[in-house]
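Before I ask anything, let me first share the structure, which is written out below as structure tokens.
Just so it is clear, A, B, C, D and E label the chains in written order, and each chain counts residues from 1 on its own.
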């Protein structure tokens, strides 16, 4: 069972959460990211975000607000332009650090699945254990099959990704990230490329992970999902965490007018989430 | 303003709606469609569907129930395996008929937009008027600009489709079908390839068309949309229209257990429509 | 309840089915317990008869017109004033039989060269493509060198490279200079590796960055990402142009004959030179076609499959 | 309210902005009134200094090692026992100057031939591709003919076609036989149109059926769909292999010299024959590279762009 | 194999005037000749034209044996040097069947029965033998008999009688190398890619004398027939002037002009040993 998030109230000033704290799995301090030539377009503008062990943080915000960029920075797929990111107290943004080693401890699941189309599901899942962790094929496959069975994909292990439905592909992608036993899982809009009927299976799986106590940061447009799974919801607006707190507070009674406006627009929209 | 649908009650036996009626824009009689070698897989199994002028019929049903196939048969993109389809009383399924001429009177908008990527929006829209109806470029462009302005795309007329958002592409596709002044518009899941935030613009446009009295058949997974725009909802199940009637009846109080089951599944799903 | 169903399908849907689990796929649903057979209506039977008649009529028209055209062409050809001469000088069976053995032994050289050069050019091309895709200022010299290589060797006609390699290089009198055939083969490998490098590079660049991102996010290093994720996909994507280049190579290896060895075309030329009959060229051409057909057929098949898959991806 | 905002962005977001219309795009939002400049922290400055040092060090290592390698290669080459002879026979400036005019006038033939043959082969290739994609039993004979055509002419070496056309056909002494250059050009067009037909066909087949469906649903006929929707996309998609074939053609048109006309390579060969010096080959090679570089560069650029676009489509 | 001939006549044109030109002096008057271009005599040779047959790749100089012979024939036919036009035709193409862009071609063509199926020949203006050229360092440099060449890697130009000598007379164990022209062949010899190169004797003298360092003529090879090869002018198959050109060549041979020109331009062939 997940622990209760240590900070349930909205934290807004960086000072309130500053200072290294080893009980946090993830600590982002004043993270900036600009794209293009200097000075460049700032996409993240001083993000402070701490995630405690077993905590589930959901990022919401308009398209382009920087959710994906933040997750990519945490996974070192992008170099931060300023600030530090720590994983279990160790600074991973240090240019002297071994990025590959840090990435192994963070699982990232993408909106567009990004399974390797030339490998079977089983080979997708066992690629990292075998090549990075140098585990024997048999051992890696056994571990993979256990996880695949858990998500109901055991019979698809030998299939190629093209042959799977979107929901199945997404579950396979999650298993591929999970098999490294990451300290932290990042999910980027893992359901928005799916048909409504396929969304359920993936969300159920994320719910299971929460039950198991996995520490997660999730970017999503699905407010219903945010409500159900989040310990804390962060509203990103133009590269800034404008508001954060327990889901009931941020989603039902937001303080910021910008947040209210964003949520109103979603509710108006017949295609979007329920209340 | 749309006329009230002539038949608001659920019509189930073919006999009840049989016989040619010139006040119907579309009349499908016992339409069968099988794919593959004989006997083949039946996908449509005796569809009877009449659509009155200004009526908006929404097709709902599980994935694979035959919604797209029915629309493609009506637009003569597929040859029916049996049965007749009439447009304004004229049989268009007759093998002696000129399919190209009939297609010009039916607009079809696809889930995946299918804009022509090598042509600008304006050229996409004016292709049929210029090449099929042999209208002069200036005249066709003027008509196109009027429609594009109406859907808020006037400033994107010279852009290529790749440069547009999904919602803008879908609106352009609708305009491309509308410019032929079709007697009947068919929409096939026109919003399911769109991000939730882009769905709204397209649905608003369909609502406008309903206001203008356009006769439409719409396949969709968006129950909220079906509720708002439909004069009549038809529930397709495995190639059969299992139940039909006003949206309140079919969606809120379905007679068939299968329909109830289908709707329950959607409501359970946090990603799907609201109630 | 069953009275609400259309009359066509009296007992197709057992009510037990309707409580099937939500995971049931559409195909399952369609297949389960539905009567697949449908008795066509009289109208449909008539329609199909009409369509069949139409098809038969057009096929007949096409067949007859093709036949007439063929006969006309045949008459025009064989009746042409020079037809006898054409047959004699291009299609003399005796000459064909006589020239076949030497042409075949020339072809054997072509085949061996093709195998060796293809292997060499694929390997070298892959290495150069890899070097050309390295990023970062550190690799600038390597990138610049490999880029100039591909430009130079795609630009120079193979004939000239063969001349320089097979006639020029031995003039250096370096210790251990290999024979003419090896040098000629090296010239072919140099030229074709430049082409293949570009094909591979296009493949590498066409693998979407998200695939690299996914691999890196799993902790794979740059080299592992290249080897296990990018290259396998790249090679698959560019297999049509790769095969096309191999077909072209099959014919170009014969240019080695400029430096002395007798390939199939040269053997045919010698036969033509002694018989003054062009049949040996026709024989050599036919042999090349026979050799190429399997390769060409495979190429076509792969190209089409790739094109279809690509377009399927593109539509979503 | 402003006290809730992180300290970094004191006055960036005018409150009037937050009521902007829902249609406002993310880009608009980002651009509006936000301070773009950010003063890097001391940590970041230190990081960047470290990265710069790292880069400089690796560039130096790379440059030095490349330089050392280059020098070693140069010494090995020029120190070889035959180097003087090689320089004399491959790099004689006097011979280069003397041979240049005739090679240039040969190159002019290449260029004219390239233009004419490219136009002819593109046209014929398009027609054959179109015939090969016709559906239905009616078109079976046409399809079969065009398929055999592409197989035959892709299989036969161009040399053989040129021999047969430019040396064999005049031997028939038929009325109105055109000149050798025309016959040779015809041989090139025959061969290359077979290749280009296959390239076009791959393009046509790669246009997704949904594009045809969209066009037909607008009421366009089969021919209109082909002309206005399918072909323009097909040609765009296959422009990389098309250009590749044109680069190859640029060099192959020279093979017409087998039938007598003097192209650049043959002109070089003649110069070599009179001077007993191989420099003219080097000159011709350099000219070909100079001629090819623009075409090759365009090809590369188009290929890369296409590959990127394709992969962008594939990801969605 | 003697195949039935083409439609131009049942019997191959002979060295003596054939049916197509009934060689009386009257019909060979300058104005009555049916020429490729009326009023001028169009003579062809290959490009480049090699020494010692031509000088400096310039056939119109009158220098070199074949250039001199060509002008002598022209003179006999009544054409001044100014009325002669030179054109270039590749060696291999000149002896293919098909229409010709010249009245006659002079390019060391050996008269053979096979070639007669495709073209006409004049009577012979020079008798030649084939010879083997090798580097002095070569293992065959001191060969004294044809048998000594058996294990050698030999080469020749394609579609020449030199090549036929290798395959018919020498019959080496290694497949000979075949080159599109003598330049490639000579370079290969210099490179050591072949042990010996077969060319006609005057060319062999020129190569060893002017083109190759450290090369030597190993020896002459006799045709199996025992008679030397004859060089003839090549004319279009069934050319109307074959008879007149042959008459002219015969006249030049009879009055000793040909011998005199050979003495002037060609080395003394008697020096080369004969390989038995």
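Just so we're on the same page, a residue touches a chain if its C-beta (ideal position, glycine included) is under 8 Å from a C-beta of that chain, and two chains touch if they have at least 3 such contacts.
It should be emphasised that the depicted structure is a prediction, and the values quoted were computed from it without experimental measurement.
Considering the contact criterion stated above, the chains in touch with chain D and with chain E alike are C.
Separation of chain C from chain E in touch steps, taking the shortest path, is 1.
Of the two chain pairs examined here, B-C and A-C, the one linked by more C-beta pairs in contact is B-C.
Superposition angle, chain C onto chain D, using Cα atoms only: 180 degrees, a multiple of 5 between 0 and 180.
Rounded to a whole number, the gap between the C-alpha centres of chain B and chain D is 44 angstrom. Rounded to whole angstrom, the centroid-to-centroid distance between chain B and chain E, based on C-alpha atoms, equals 84 Å.
Centre-to-centre separation of chain A and chain B, using mean CA positions: 38 Å.
Residue positions of chain A with contacts to 2 or more other chains are 62-63, 112, 265.
Those residues of chain D in touch with two or more other chains are numbered 22, 167, 171, 173, 210, 278, 315-316. In chain E, the residues that reach two or more other chains under the touch definition are 96-97, 118, 187. By the touch criterion stated above, chain B contacts chain D in their complex at residues 72, 75, 77, 100-101, 103-104, 106-108, 110, 112, 114-118, 127-128, 131-132, 152, 176-177, 180, 200-201. Of all the residues in chain D, the ones that touch chain A in their complex are 1, 3-9, 12-13, 15, 18-19, 22, 25-27, 29-30, 34, 36-38, 40-41, 43-44, 47, 50-51, 54, 315-316. Looking at the complex, you find that chain C touches chain D at residues 55, 58-59, 61-63, 66, 80-82, 85-86, 89-90, 136-142, 145, 151-152, 154-161, 163-164, 167-168, 171-174, 195, 198, 202-203, 205-210, 240-241, 244, 247-248, 251, 254, 265, 268-269, 272, 278, 281-282, 284-285, 288-293, 296-297, 300, 303-304, 307-308, 310-316. Per the touch definition, chain D reaches chain E in the complex via residues 167, 170-171, 173, 177, 259-260, 262, 269-270, 272-274, 276, 278.
Listed in rising order, the residues of chain C touching chain A in the complex are 210-211, 213-221, 224, 228-229, 232-233, 236.
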